[in-house]
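In the two complexes that follow, subunit A is the common piece, with subunit B as its partner first and subunit C second.
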Partner chain A sequence: MNYYLRRTIRIPATILGVATLTFGLIRLLPGGPFTQLRIQLRRRGMDAQEINARIEALQNIRPDKSLPEQYIDYLIGVVQLDLGQSISLNKPVIEVIGQALPWTVFIVIVSTLLMFILGVLLGSLQAYWEGTTFDSVGSGLSILFMSIPYYIYAVAFLVVLAFSWRVFPTSAAADRSIEAGFTVAYAVSVLHHAALPIISFTIGGVGSTALSMRGNSIQVLGREFVEVARLRGLSDQRIATRYVAMNAILPMYTGLLLLIGFRLGGTVVLEEIFTYPGLGFYLIEGVNANDYPLMMGCFMVITIALVLAVYVADMTYGLIDPRISVGDADEY
Partner chain B sequence: MSSHSPGSQEHDNRQPDPILEITDTNVTYTDGESYVLEDASVSIHRDEILGIVGESGSGKSMFASAILDAVPDPGVLTGQLRYNGPDGTVDILGLSDEQLRAFRWEEIAMVFQGAMHSFNPTMKIKTHFTETLQSHDRSVSEGMSFARELLESLYLEPERVLNAYPHELSGGMQQRALIALSMVLNPEVLIMDEPTAALDLLMQRSILSLLHDLQAEYDLTIVFITHDLPLVAGIADRMAIIYAFEFVEIGPRDAIISNAAHPYTRALLQATPNINSPLEAMESIEGQGPAPANVPSGCRFHPRCPVATEECESVDPALEGAESNRHRVACHHVERAREELTVSTDEAGAFSATESTTRPSTDGEPLLELSDLEVHFESSQGLPEGLIGDPDVVRAVDGVSLSIEPQDLVCLLGESGCGKTTLGKAMIGLQEPTGGSITFRGDPLDEHDDARAALQIIHQDPSSALNPNRRIVDILSEPLLHTHPNASIAERRSRITSLLERIGMTPADAYIERYPHQLSGGEQQRVVLSRALLMDPDAVLADEAISAVDVSLRIEIMDLLLELQAEFETSYLFISHDLSNARYITEHAGGRIAVMYLGEIVEIGTAQRLLTDPRHPYTEVLRWATPALGLDTDGDDEPPVREIDVPDPINPPSGCRFHTRCPVARETCVDTSPELRDCADVDGAVACFRSDPDHQYWESEPLDGASERPE
Partner chain C sequence: MQMSTDTDVNWQSERTDEAIDWRDRLHEGFVLRIYEPAIIAWSDRRTQTGLLIVLVYLSMALVDLLGLWRDASTSQAPRMLGAFQNWSYPLGTTQSGVDVLALIIDSTPFILQMVLAGGVWATGVAVIAGTISGYKGGLTDSVITAISDFFMSIPGLPLVIVLGITLEPESPLVLGVILTINYWAGLGRSIRSQVLSIRNESYVEAARAMGTSTVRIIRKDILPNLMPYVLVNFVFAARYTIFAAVALYFLGVLPYTGQNWGITLNYAYNQGALFGLEAIHWLLAPIIAIVGLACGLILLSQGMDRIFNPRVRTRLTGESESVESTPDHTTEVR
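On to the complex of A and B.
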């Protein structure tokens, strides 16, 4: 059996673990499931019998069942992609996630790629011009930008560009008056709405990527094979791309994929600030409303995304770096 | 300094035809204040091999970079470098960037020390060749067929090597691929900066002899830069000695070896362990070479020179002709140096001078006894795989039996990957054996409580063996706390001070407060040695303990090991890949050398017996691979092995493991494996059918490429 197969088998195992943890942790939260709803319903003057019936209908797990039974039910639900019914939105959780996830993925992938590309370009230029004013100013700005958390940019942009200057919208993923579809008007609207979240999620990351790219490139530039390549008379362009950039980016590649996974979770605050209807936004909604099925669904999706990102990184690293024979990656 | 141009100086009967004329060339740093190459004036003759010898940090690599105008920033190169190529004379320093780009590799190419680091790790070897051809506007198909020809003449399989990534090749293969890469544009001059230093001796010698062939075949001029004088002496036509950033002696090889004029050259010749000269003649050079910032005034060698006078302290001697203008030397006292400093290569018959002092084996029980010891490594695999497939097994040590007496010295000798370190570690209990048994003073090693303290180790690299955050006194207190738990701080301190003084680190009071990084490599190794000995061990494993130390200091460290052996009454397990070092230490201690090949001991005996009367073909091969300082040696002999590369230890050859490379292997050796048997007429034991005159080996057919050679 080879490494790829082994690595693939490990994924369901990880997801099972995650599902178990979400199930357990959320049940440990104070309040217990449906307390909030029960209070609300009671306030409306509903009698206890009716409340119980209502709650039973709402969820895929019955609170009167024993914990193991609930657990089994929950797992069966997960396998069938049935994550229960959102209490606050009164819709199946999987439907809510299905609508929210594409927006979040869009924001995260675009901003992470942008961050990586800009960071790599900036970092390599700094490395080539090591010690120049450009380098020191670049490093200074990188450190400054990366030390400010992304939500500060988000709030600042929102206040200045959206509320004061009204250049960008303040909420939603697209203009509601434009019908969704592959039209130019809709695409422009989507980009217009996503611009601020993407920019604020990118700036800080550019700084840190640039710094590590700069460090890696300077290290590679000092390596003997670059010197030998120069003596062999290769063009500067080939040395810059095939020798320096390739070897400097390689160690950052796994980091990039992991970052995409981690940043999925980071959208919680971002989407809340921009009222952007993504996964993070609904996660907060779920937390605020004690909407357990929704929370668990969002947690599950974010973790599965992370697990898949690590999986893709593991699978492809061997293809990208020939030194890593799959399975025993002792370098990096 | 020589103000003459070298061209006018070097007229003699052979009419030199310089391909490179280097005149008054300097490399300076920090605004011209410190010189890392000073007033180099050398001419390199067409189609010669010029060997440049110097200690580490003597500026010899800077000389190589200077020839290609590739001095690393912020170094400044000044002087005159003229190249007389097939298309007329070129002033290298006057070339434009684009001209220089074309000039390098087409006219002068360079081979670096670490082939590993000379290839882009993310590119196949083939791409390195094609991109080089493309950037010099050469035809790729023609160039590649030339490359294949080169690779083949370097004993490599072209297709396999070209389609491999650098890390998939062994060190020796990489180095040969790099040599082929440097020659792919058919340059006139090849500059080689320590091209073999990272390799095993056998591989070094094999590459050297291949170089010699290549040089003749493709009319190359080779500049061979090394710290290893005997190595280059085998192939060089002329030699230049560099000391403290200056050339101190240049001349024909024979003149340098048999009639060296500079005291430094004579000391170097004397300091290098080699297998031809008598033991008592070998001496190390005191002190070490200066750093560029504090070069001594006058003659730079005067602080270390035994014949130095006041004149030497103030007046810098010029590099001028000694006898003829072909042999130039920078010394005021050539005559006295030749009279007072003897070099043992002058006389022949080295072995008559040495007495074999084999210690009679003690009657008591052996200190350590290994029987049929095995250490097998399984390549790491996860759980599901381990349950299904057969794991790959590396037989690092495969059936070794050996006994070590108290105060014995056994040297394990072999190429890298032969399992000598694993065997050594298993012997001192650092590596769990997977089969066989080890007894320590009659009891199984793992049942002995004292064994851990009684068996100590000295690692190859002293700087990583010492905790960088602790002072020497703390490092050395550790073993004393164990052996003398009741000693007071003052007692420990005085014990440490006296030991440091004993091993030549004076003033000891200054040394004990220092941290490891404040010591030189040789001093660090002494501290490591002291740390091991303060445990009062019964045996010490010295794993390549002198390989990381500069050549001129190796003898000194080995002498220290020997002196302390008597004092501390310990046994040594000395691991080495170098026959001349192994010979030096075993012969002095009256020990044995055990030659290892792919996890097995193939021959064991006294150093003298192995050198004069080797019984195993592999021992003979190692003997050939060890450079001998002498005039009769020449690099053009073929390597006496049928395959240069060591077979994969995961799938070792059947029968006798050496049969794939053995020059005298026969059909019998393919499927039957010889056992280690005591030699009938001489000391030691050997695992070869040839030692048995009645064996069916003699009736079977020689293998492809093997010679008959009946004996």
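On to the complex of A and C.
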């Protein structure tokens, strides 16, 4: 079967798997679904039927049905984009997520691109000047940057730049007084609010990108085809970009797939520190407020976002590397 | 070789021959696998520093286990003492009068156990899944790849948060495994692609033609080739475990009983914010503890690269001249 077709078919399968996992986890949550809420409601003097109806509205799980029925109901709800009702915010979960998702995607994409570009530039310069002071200082800095988790930069920036110097805002995704829309003022406000999260997330990843780019480039530089290209009298610039950089970046592209996952997950910490209203922020909100529908909804949507991101990356990998193997290997 | 002197006596006896063979192999293995790499590794400044840093953490754990430093408890010292002001509390004290150094030392064994569990779990599962799927190919490969692709498509931290609430892990070993519960998937995928290229090497093909069992081929021909990669990635998995654990304790979403660096960071950040620069030592101590451990591990892995990379290795021992010319390539391309 065609690789691209097969890869596309796998998406619904993966999402089904994720939904199943989410369902299972909801069942496993301490005290089962909504024990706490049930007790609260009963204290208020609500009768059992009313409580069941209320809980059913909150999460599309009917407590009185059998497990397979609950599962089917849950899946139908997911397909209809019904992820239940947030207890703490008193809004449908899907509405909260609809507002939060763009911010998270924005932060992850911009910071990952910046990290990749800066890391590749730094790494290739180090490789060209291998052994010089620039190289050793660069490597030292890269190792130092790798040792500091991104949230430490976030905390430092927040304490110094936002709280002490008041150069940057301490929370929210945009100034509330400015109306959302395609205006310059709004765009500036968005960038101003996103700057610190993006910068701390970028710095947190530049070190490892630079180090692996440096290693790959040095390896490629020692290959015969680079020598041949030089003997053919190709310009240095062409060799540097087409022959060395391309081949050094290739192995990093597969790493990028994994990186997107780590970074999407990392937004949980980042957004909580900056009180930035993305998916991760609401996930933690859900955790802290015992708001399971919100928590599980955010978890599922973050996961689906990752599934799609990896899909896009997988699809485009074939464009970059024509050698991609699509057939199965023989079984020994 | 030392073999000759021993074998002169009774080489005809099969049993002793085997014994000598075994002893000799052990000796050779020691020289080849431990002694020589250790010499090469030690010649690298990065390995030296990395090893020293890791030793510092190990001795901190030892100090805690032997009870050589006081345990952390509230009101054991004057409140909000700065760092290096009173030498009975070198790192200062917190707002509730806890010795900061005691806080850091108390949590070292916990963190080290967690990091070890995380690293072993992540790399162990990845190696098993990656080698089997890469070497066997066919249906086995498809099944394992499908499973690991599924795990790869779940972002780590959110999954850990949800699992943390569901399972409420308190043992450092369990926690380490949970933190890296799906870390193996990505690593397994890259190990698989390495195995794919090794399985078609002529010596592996020869072993297969001779009818060597799959298990033996994987153990003898494939795994040794992967070791450097696996060891380096063990360090990355370990680094990921510390970072993730501290992040989640910092956010307060993992259940906790005792002390650890993440919780210290959380308290310092939330309560210390009121004090401004006066509380900076309290905030910096756990940060430096985390960064130091991560830095030591990364330096070690960078140094290990030198042991395993044959090009660098020959350059070190000065056996090869061809590699000396490599820096020239780089200058020419500019």
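Definition applied: the second predicted complex is superposed on the first by the 295 of 332 C-alpha atoms of A that agree within 3 Å, B and C clash if a C-alpha of one lies under 4 Å from a C-alpha of the other, contacts with A are read in each partner's own complex, and residues count from 1 in each chain.
The rule is short, and it goes like this: contacts are C-beta pairs under 8 Å (C-beta built on N, C-alpha and C of every residue); 3 or more make two chains touch, one makes a residue touch a chain.
The structure displayed is predicted, hence computed values, not measured ones.
**Q** So in the superposed three-chain picture, is A:83 touching just subunit B, just subunit C, both, or none of them (first/second/both/neither)?
**A** Neither partner.
**Q** For A:298, decide between first (touching subunit B), second (touching subunit C), both and neither.
**A** The second partner, subunit C, only.
**Q** Go through the superposed model and pick first if A:194 touches only subunit B, second if only subunit C, both, or neither.
**A** neither
**Q** Mind telling me which of the two, subunit B or subunit C, contacts the most residues of subunit A?
**A** Higher number of touched subunit A residues: C.
**Q** Regarding the shared-chain residue A:154, is it in contact with subunit B (first), subunit C (second), both, or neither?
**A** A:154: touches no partner chain.
**Q** Just checking: does A:97 make contact with subunit B only, subunit C only, both, or neither of them? Give me first, second, both or neither.
**A** After superposing on A, A:97 lies clear of both subunit B and subunit C.
**Q** With the two complexes superposed on chain A, say which partner A:233 touches: subunit B (first), subunit C (second), both, or neither.
**A** The first partner, subunit B, only.
**Q** Mind working out whether A:242 is in touch with subunit B, subunit C, both or neither, as first, second, both or neither?
**A** In the superposition, A:242 contacts subunit B only.
**Q** Please work out whether A:256 is in contact with subunit B alone, subunit C alone, both, or neither, and reply first, second, both or neither.
**A** It touches nothing on subunit B or subunit C.
**Q** For subunit A, which residues lie in the overlap of the subunit B contacts and the subunit C contacts?
**A** 227, 230, 328.
**Q** Which residues, counting only subunit B, touch subunit A once they are in their complex?
**A** Answer in residue numbers: 68, 70, 72, 101-102, 104-106, 109-110, 112, 114, 117-124, 128, 131-132, 135-136, 165, 167, 181, 380-382, 384-385, 388-389.
**Q** Please output the residues of subunit C touching subunit A within their complex, sorted ascending.
**A** On the subunit C side, the touching residues are 135-142, 146, 149-150, 152-159, 161-163, 165-166, 168, 186, 189-190, 196, 199, 208, 214, 239-240, 243, 246-248, 250-253, 269, 273, 283, 287, 290-292, 294-295, 298-299, 302, 311, 326-327, 329-334.
**Q** Quick one: which bits of subunit A touch subunit C in the complex? Just the residue numbers, please.
**A** For subunit A paired with subunit C, touching residues are 10, 14, 17-18, 21, 25, 28-30, 127-131, 143-144, 146-149, 151-152, 155, 159, 163, 218, 221-222, 226-227, 230, 236, 239-240, 244, 254-255, 257-258, 261-262, 264-266, 268-269, 272, 280, 283-284, 287-288, 295-296, 298-299, 302-303, 306-307, 310, 328-332.
**Q** Taking the complex as given, what residues does subunit A use to touch subunit B?
**A** Within the complex, subunit A touches subunit B at residues 1-3, 5-6, 9, 223-225, 227-235, 238, 242-243, 246-247, 250, 321-323, 327-328.
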